[in-house]
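Heads up, there are several structures right after this.
Paired with subunit B in one complex and with subunit C in the other, subunit A is shared by the two complexes that follow.
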Partner chain A sequence: MRRGSSRMNSSYWMGAVLLGAVLVPSLLAPWLSSADPLLIEPFSRFAQPGPEHLFGADALGRDVFSRTLYGGQTSLVVGAVVTLVTVALGATIGATSGFFRPLDAVVMRIMDGLMAIPGLLLAIALAATFGNSLMTVVVAIATPEVPRVVRLVRSLVLSLREELYVMAAVAVATPRPVIIKRHIVPNALPALVVLATYICAAAILTEATLGFLGVGVPPEYPSWGNMIAEARISFQVAPWLILFPSLFLTITVLGVNLLGDGLRDSLDPKLAEKI
Partner chain B sequence: MGAAKSVATLPDTVNKALEVENLTVTLPPDAERRLAVDDVSFSVARNEILCLLGESGSGKSIIALAIMGLLPRPVVNVRSGRIGLNGQDLLALSPRRMRQMRGQQVSMVFQEPMTALNPLLPVGDQISEVLRTHTKLRKKERRDRVLTLMDDMQLPDCERLYAAYPHQLSGGQQQRVMIASALALEPALLIADEPTTALDVTTQARILSLIRKVCVDYNAAVLLITHDVGVAAEVGDRVAVLRYGRVVESGPTRSVLESPAQDYTRMLMASVPRFQPRTGNQPHHYRLLIEARDISKTYVGRSLSAKGRQVQALRDASLQVYEGEIVGLVGESGCGKSTLARIIANLEQSDHGEIRFRGEETKALIARDNRAFRKGLQIVFQDPYRSLNPRRSIGQSIVEGPLNMGVSSQEAWEGARAILEDVGIDARAVTRFPHEFSGGQRQRICIARALAMQPALLIADEIVSALDVSVQAQILNFLREIRDRSDLGVLFVTHDLRVAAEICSRIAVMRSGEIVEMQETQSLFESPQQDYTRSLLNAVPGKALLEGTAIELVDQTDRPASCAKAD
Partner chain C sequence: MAFAVFAARRLASMIWVMLFVALFVFSLLYLAPGDAATVIAGEDTSPEDVERIRKGLGLDQPFHQQFLIWLGNILQGDFGISIFSNIPVLELIGQRLDPTISLTLTTIIFSTLVAVPFGVIAAWRSGSLIDRSLMLFSAICFAMPAFVLGYCLILLLSLQLDLFPVQGFVPISDGIGPFLLAITLPTLMLGTVYIVLIARITRATVMDVLNEDYIRTARSRGLSEREVLIRHALPNAAVPIVTVIGLGFALIIGGVVITETVFNIPGIGRLTVDAINKRDYPLIQGIIILTSAVYVIINTIIDILYVYIDPRIRL
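Our next item is the complex of A and B:
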């Protein structure tokens, strides 16, 4: 047990530190970086990393340090919003489906349908129809993720309501809403939190992919995806341009995933007992 | 059987197949105790069955694994000692040599035959596998050998069963297949680890007599590991009683179990339910509490094929429980006894039939006043590990019901502390969580939760089945006490007739969803009306020994103390 919790902590803390290393500078971007991420300075084109431009400057002479930090804001906002929307929608639909069996078959078939929509194509279609915006990015990423949450929550509800302690609560006349609040939600939450971290990591990656393909947030706003796409072209001239956004992206996704693993180990008492 | 036994008990000291000398096995440093097995010595001759008898955590399975060379190293290690098999020291063998020994010289049968068999292979091929690995027999010869083995295991229609898959066999047949493959190479030593614990009592009796028989037929030494005194009494030539990794007492089964020399063995024997109806179980009140009439229930399985498989779980089952009595509902697994219990508790719905609680139809009562019904009727389940919400303190679990009934918070918590003391758990533990307690303690907490409602009827669904015999005895005593000091009626669901005989005034015997017989305990034991009841009675292991002797009870006052440690 003791050994288990220390291992849990190491992955949990490592994740938290990595995520914090990206999150804090991104949030403090306006104070950390004096340069305007959108300002075009032709004389600084492909400037090498140095005191002037910490991470160098890109093909239009924009400050990469500043763009990376602001790009982090985009990534983290997309990750957070997608996670919140997906979990809120998915948990509601999944719980309804698990508790009200008549609805179940219909709801689950709709979810199967949603799962069949490829996120990238949806993003391209939405961008073509409504133009690029944060909204289209969030909708495109969240749509195929919602069914995953629905499936998890539904199966949790189905198994938890058969638990003997739930039956025991029924047997002492605990009203149904209280049973849900007291016995089902707390025992379903850990798995949901862990899934949420994985969805967050996936959303950040997908956002970068969309940016790379040019169907993410509007191209003038910095995002790690569109920065990588632009840097790709000038890779031979200025290889550091592709390095920094990629590095930040990797650290963020790794951090979120480690945090998820740590949470899973600490929140799941069955797993903790086994270790 | 008596005759076979007396022949087999002839001391065959010349031909000791297994000799374990001063075996000591260490546990990891953070374990409850330092040594899993502490200086244990015993021997088994060919044609002899030695039973290692012990409660959970006594180290009996570790000994088996040590002999097999299957200890989970490096977590658990043999520190010292010698394990001799036909004069060869198994501990000194190389891993490769040990692999050859397993199967050829030592083999093992486990508790759950279903999990030990590969679900994707026909059972005949699985037995044949052993022969293919260890012998040079040709395919045809292997098949003939397997068929002979299966026939020896008294499996029916061997040609057909050869090609059957594990799930198509009953639990007893699966265990026979396991024994067949363990004996395929005619090993010197067969280790059987709780081989009948997962089986019904009638199946258990047949498997035990099979083990007896093959022990002689195959000239093997058998080491049988069990927690059940009855099983040891039934098949053991000799018995070694284990506790905390030490041999407390050993010797010929009869002398050890009939006149135990050690306090622990005496306590163990006193805890074993006598196979005799106890007196003093007659109800002292005669008001009808609950009456179930003609309850039927059919489960319709949902499957991919259009028509679902139907299972009739209950057929016109009827029973009554009066105030102040404990009624047993006895049957083998899958007979529908738990379904009936849950239907009576309104946790499942019947297809038809009527249940009256204190004269009022329960459906109507629930519609009128659910809380009154729930307050009057409580249920405790078999599995104490799943019955408590792991995220709530045991106090929170206990006060939940009383709070629902409108009892004030302060009163409910005081009540929870009092009831915990009643079931033998320190009241200060109310703020602790379920994982901090052992299985026996958890079950007592579950009982406390039910009793905190001060119910008129308690449904006890296999509440002692998962517990060690000493803990089981405490809980039965406690139920008896409660019944005597209040008018509590109990519906006691169990698969174990011995336990039912201990505390029930009347017993209903159930088979395939029907109650085949319901009688006062005494007359049920003396003159069972149904063949099925008779076969259940006859199948109880160790019957002869347990019936024939009246073991002197140790002083009742020192029992809880000595049991508490084992708990």
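Our next item is the complex of A and C:
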């Protein structure tokens, strides 16, 4: 038991350090990098990594270091917004569905239907349908993830409803909103927080994938996915164009995942089975 | 009897799910900003052409009527005509099926053959070097986008070592050697996440099973570790492993889109990306419905198969 608990702390801290290693430079991008991430400099096309351009320059001569840092902002914002939207929407739908039985059958059929469409396919179809915008990307990434939250919250609510203390609260005519606030939310929160970290990691990966397939955030936002997509054609000449954004991307997702694992094990060892 | 009822119920829920998928896919066209006929016609089309498309597709009728007509056509195997190439959607998909099916099958076979033994060994020797390297490897693979892995493979094995072709697909009818040579890197790229997923589930379930009394009994009867693992542990861990192989199929479908883009393979994945870039709605709709159907059917079959795999499941 002891060994387990030291390990979960290590994965928690490792995750936090990795995430911080990307988060801090991205937030400090305006101070760390003097180069404009959108500035086109024809003379520095494919400049190798060096003192002038720390991570080199891309096919249009834009500074890759600066683009990688600002790209991190885009990825992290997309990850955070998708997570908030998904969790808020999913938890509301899941809790409603768990509490109001007549709705349940319909809601769960819809969720089954959404889950039947392979996630990435659903995301690219949505992204293509609504056209290029930050909002579109958020909706496209969030939609396939919502059923996961709904299922988790619904199953939590269904099992919590049967708990004696909830039944007792019902028996003394406690209003439903109070029951939800006092008993359901605190008990459902740990699992939800852990699932949220996994959704955040998945969202950051999907954002990059959408960018790679050409249906990601509009080109005026530097994003890791867009950078890798643009670097594709020239990757034999300039592999560093793919290397740096990929490295940052992998570190970020690894960090968020480890953070989730650590949280999961420290909040409740039994969570691994639920999520 | 109970089995028949169970199977019938699973099949009925499959129909519900597919009906929802159809409704959703059909509404995509209406969710798109702008008028559906204009969306289909694309830019630079004359108003007469737009009007012709509107009439031709029955877009001047109310929504539910359009949906029923469209659904009726699909049930008869008519998925409409691709706007861009003017070829029936089903025919277009049929032309691209070979590379995708080849890639999917090699990936599933290869991944299962690698992942299951790996997971069993990791569980058997949990905490060992093999186990810890599996955990580390899987953490990195879950964090790395598939296309990055694909480019690493190309850079290392094709460009540096010149072992495999950089891209392309060779049908199996052109000889098994060239086929395998061309499909190795795409299989590695598509298979990695899948391998990791299956290996981790195998490890977790086999570890649970190894704590059971009957394993201790088997060992005390003097069976070799090999026999304990293969005859006793693995069959009892089969259900979650088979489930994840089925669920992971969605990963493969998504992965196919990326893999075929990286390796320039003319399969369904490329077709999807092309359809999306050209906003070829009938084609997009057809692809989503058919792949979802395949996914749902596979998972329904697996659900029904459980009863055979694991007699402990009571209906």
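Everything that follows uses one rule, which is that the second predicted complex is superposed on the first by the 234 of 275 C-alpha atoms of A that agree within 3 Å, B and C clash if a C-alpha of one lies under 4 Å from a C-alpha of the other, contacts with A are read in each partner's own complex, and residues count from 1 in each chain.
Please note the rule applied: a contact is a pair of C-beta atoms (placed from the backbone, for glycine too) under 8 Å apart; a residue touches a chain by one contact, two chains touch by 3 or more.
All figures in this text were calculated on a predicted structure; none of them were measured in a lab.
Novice: After superposition on the shared chain, which partner residues are touched by A:174: those of subunit B (first), subunit C (second), both, or neither?
Specialist: First partner only, subunit B.
Novice: Between subunit B and subunit C, whom does A:236 touch in the aligned arrangement: first, second, both, or neither?
Specialist: second
Novice: Is A:228 touching the first partner subunit B, the second partner subunit C, both, or neither of them?
Specialist: So A:228 only meets subunit C here.
Novice: Which holds for A:112: it touches subunit B only (first), subunit C only (second), both, or neither?
Specialist: second
Novice: With the two complexes superposed on chain A, say which partner A:163 touches: subunit B (first), subunit C (second), both, or neither.
Specialist: Touch status of A:163: first partner only.
Novice: Answer with first, second, both or neither: which of subunit B and subunit C does A:187 touch in the superposed model?
Specialist: The first partner, subunit B, only.
Novice: Which partner does A:215 contact after superposing on A: first (subunit B), second (subunit C), both, neither?
Specialist: The second partner, subunit C, only.
Novice: Check the contacts made with subunit A and report whether subunit B or subunit C touches more of its residues.
Specialist: C
Novice: Just subunit B (first), just subunit C (second), both, or neither: which does A:128 touch?
Specialist: second
Novice: Looking at A:80, would you say it contacts subunit B, subunit C, both, or neither? Reply first, second, both or neither.
Specialist: Neither: A:80 stays clear of subunit B and subunit C.
Novice: Would you tell me which residues of subunit B are touching subunit A in their complex?
Specialist: Result: residues 30, 345, 347, 370-371, 373-375, 377-379, 381, 383, 386-392, 397, 400-401, 404-405, 435, 446, 449-450, 453 of subunit B touch subunit A.
Novice: Within the complex, which stretch of subunit C touches subunit A?
Specialist: 13, 16-21, 23-25, 28-29, 31-33, 139-140, 142-148, 151, 155, 159, 250, 253-255, 257-258, 261, 272-273, 276-277, 279, 284, 287-288, 291-292, 295-296
Novice: Can you list the residues on subunit A that touch subunit B in the complex?
Specialist: Against subunit B, subunit A makes touches at 1-3, 163-165, 167-175, 182-183, 186-187, 269, 273.
Novice: Applying the document's contact rule, which stretches of subunit A touch subunit C when the two form their complex?
Specialist: Contacts found on subunit A: 109-110, 112-114, 116-122, 124-131, 201, 205, 208-209, 212-215, 228, 235-236, 239, 242, 246, 249-254, 257-258.
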